[in-house]
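Supplied in structure tokens, the structure appears directly below.
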Amino acid sequence: MDRPVAPAAGPGAGNDCRPWRRRGMGRALPGALFAALCLASLMVGAGRMELAQLTTFSGEAWLTLTASRLPRLAAVVLTGAGLAVCGAVLQQILRNRFVEPATTGGLEAAKLGILVALTLLPGAGQGVRMALAMAFCLAASLIFAVITARLRATVLVPVAGLMYGSVLGALAEFYAYSRNFLQGMQGWMLGDFSKVVQGSYEVVWLVLPVVAATYVFARRFTLIGMGAEVAASLGLGYRAMVVLGLVLVSATVAATVITVGAIPFVGLVVPNLVSLWRGDDLTRTLPMIAAGGAMLLLICDLLGRLIIWPYEVPVGLTGGGVGGLMFLFLILWGRR
Amino acid sequence: MTGRATFALTAFGLALLALAFVLQGAAADPVWLIPRRLMKLAAMIVGGCAVALSSISFQTVAGNRILTPAVMGYEAVYLLLQSVLVVTLGASGLTLWGGSGGFLLSILFMLGYSLTLDRWLFRDGRADLWMLMLVGLVLTMVIGTVTQFLQLRISPGEFAIFQSAAQISFERVEPWRLLVSTILFCVICLAGWRGLPALDVLALGRDQAMSLGIDHRRAVRRLLMLIAVLVAVSTSLIGPTAFMGIFVANLAYALAPGAGHRLTLPMGCAIAVGMFLLAQLMVERLFDYRTTVGILVNLACGVWFLALMLRQRSMI
Amino acid sequence: MILLTDIGKSHGTRAVLSGITARFPRQSLTSIIGPNGAGKSTLLMLIARLAEPGSGRITLGGADIARISRAEYARRVATLRQFPAIELRLTVEELVAFGRFPHNRGRPTAEDRRATDEAIAFLSLDTIRKARLDELSGGQRQMAFLAMTIAQQTHCLLLDEPLNNLDMRHALRIMQALRSLCDDLGRTVVAVIHDINFAANHSDQIIALKDGRLHSSGTVDQVVTEAGLRDLYGLDFHILPRPHGRLCDYFTPKGEAG
């Protein structure tokens, strides 16, 4: 975001002086919060869980826990962390604060990929769908990166991305309608954790190695954010890193869309908030981004399950709604 | 070719197209087919002209060539209203009440939204356009999620009713709705006709307009009101049009370069109607109903718009 | 030393550079001067390997730069273009530490920390080392970026208009720092400079370009002459010797309106 450069008021003005940080709550609070959210996620649900039964490692409660609640918790945490990290990487690659899979056409491309897989190769398994989703997402993101390399205005990039996503969505609609697929598409493309069940969700664990790889390359991704010339001066292979970053992003997007569906805005809000708080050095902030994403999604998921209990609001809606509102807030606050 | 000549040519081509649309294959059952087609044509004309007029004048007010009411969230508000109505009134209530009542309510909501935009975003007279657009797009998505949430609470039957309102279609035109829309449209046109020269001056920008004696604030507010009604007319008559307004407006500027609104507005109308005719013909003849007008229009306009945005470095 | 042999570059049909043969001696500060559109930045970009020459050869210490690996080149040549438009929220310290990347490939060691500290101290940035880039003034930010290139500890530094948009104090500080880099640390510095006075008073060698061709090259005394500058810029010059250098006073030739 464009901010007028403040006259040098003095050394490090406004950097380390946040009072609540001084109170030393830095490490303890987020950890405790995270644990509490996880626990809450395990406890909430449509079915009742007898706590007593848990201790015997048998019975219905245990089954609920292992077959539904724990996988769901894993999916929520991994998806949240993965999407947030994706957003951070995309923001460095495209050098823009407002990008994430939903505003670069990546989500829509992945959906299109899955659609194509379902219609052209109906008998194929999840692996094929995953591969196609990833391929479509990668191609769309590469095209978008090339196209927007020439755009200067900061806000223009996410606008272009949303348009691009709409066009891809229209393409998907066209394709789906012509094969009478449209009816079902809207439903199962929306992010929904209630479909997560042991035995069908495991592909989302792919997010873990991806996030780890991102952390290994964190310094390089921060360098990418400084532009091609600075990266070249420091001897970094700019194009190779961009492609690598987009591959990692596409893998995460494909894995999460296949398992859970599309969840917009999470990958955008979390890196921005962390950046406001702790700066842009990914080597330091990436763990926070991952944790923040997981927590945001845990909250959205809990919200979705509690609002109209015992029914559920899909997380694609809560995430989109909450995330969208936070995004709007960030935009308008940045305007000030 | 001068702008006027282009317009004459376009209008002529349009007339031919319209004739083709109404008469094609009508020999089979003219008594039944032709009146229906005429009604569809009327809906295309009124709806298309409403889209064109509202988009072009909104772009003049906003001072740039990208923003249109659809993109700024007007249509999302309309859809939200529809879902709220469906949720609160249910399917039966909607068919009873949703007719004229829903129409009036839509107009009221649009007016309210216009006022909000006017006060909130055009406040200092200058609008940070890309920021506005981003806000509009995100707002559309957020409202979309709320709308989808509401849809969770309704039955499939009610959902079908809602769904049909959420897509462009000339099928659901009832005579009375067409009549009301046409009357409203004519009223707006008359109201706006006298302000046409002022519109040209507004296109010069806020400062220039004020130095030439135009009360900018009042003119903008008045225009936004008219635009709101136009959008209500077009969305309730034919459905949400998304990117079409941008396409129509920019093509009108391209075909009538340098001309005032006296030429661009009619040109825009012609383009919009032509586009609808073409899309409908393609759906019927080429795609054999395997797609819809909305999908075709959105696809074409979306792609065109992306190309436009990325080709030009400086947009305004 | 950097040697350019018959360098040419075109953009489409327009020749941006043609037939440039020049030497950039070791351990000295060479300025590239010339009017707008002369091709100065393009030339620097060719040496920095940010673009490829259409014709000709560039050698660094005798070796053709096109054959040196990217990582190795980053350890020998550091480039700073004008005002990198970076909106990242980094502290000065974090930014300068990135300059060590060619050496540690992302795994910082004690040596890297020492180099970072030295670079920050060299430019006297200790007071703002924890400040964030977007909180600094333009001059301070440029100093921070210069510190990053210094921390890269390359033998050669290439700078594209490092003094643009800087107030006089920071511009002077940067020129003095560059001077010190050559004299005290024995580095080679090549800088594209707009202001003839800064170029004339702080450089050892000057290379002047005009319309994509080499206009003149050599020591400051050889190039900065009234006749030479008049031919280069199309303005009248009076060169006034001063205790600490010279003052180039320029104005439009008589008979021309403004």
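First chain written, first letter: the chains are A, B and C, and each begins at residue 1.
Rule of thumb we're sticking to: contacts are C-beta pairs under 8 Å (C-beta built on N, C-alpha and C of every residue); 3 or more make two chains touch, one makes a residue touch a chain.
The structure displayed is predicted, hence computed values, not measured ones.
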- prompt: Touching subunit B and subunit C alike: which chains?
  reply: A
Task: Return the chain whose centre of C-alpha atoms lies at maximal distance from the corresponding centre of subunit A.
output: C
Field: Chain nearest the overall Cα centroid
entry: A
- prompt: From the C-alpha centre of subunit B to that of subunit C, how far is it in Å?
  reply: 55
Field: Where subunit A and subunit C are represented by their mean Cα positions, the distance between them in whole Å
entry: 42
- request: Determine the centre-to-centre distance between subunit A and subunit B, using the mean Cα coordinates as centres, and give it in whole Å.
  value: 34
Task: Spell out, as numbers or ranges, the residues of subunit A touching 2 or more other chains.
output: 154
- prompt: Among the residues of subunit C, which are close enough to touch at least two other chains?
  reply: none
Task: Would you give the residues of subunit B that are in contact with at least 2 other chains, written as numbers and ranges?
output: none
Residues of subunit A defined as touching subunit C within the complex: 1-3, 5-9, 11-16, 95, 97, 154, 217, 219-220, 222-223, 225-227, 229-230, 232-237, 275-276, 279-281
- request: Please give the residue numbers of subunit C that touch subunit A in the complex, ascending.
  value: 48-50, 70-75, 77-81, 84-91, 94, 98-99, 101-102, 106, 127-132, 134-138, 140-141, 149, 152
Residue numbers on subunit B that touch subunit A, as the complex places them: 128, 130-131, 133-135, 137-139, 141-142, 144-146, 148-149, 152-153, 242-243, 287, 290-292, 295-296, 298-299, 302-303, 305-306, 309-310, 313
- prompt: In the complex of these two chains, what residues of subunit A are touching subunit B?
  reply: 98, 147-148, 150-156, 158-160, 162-164, 166-167, 170-171, 173-174, 177-178, 190, 264, 308, 311, 313-314, 316-317, 320-321, 324-325, 327-328, 331-332, 335
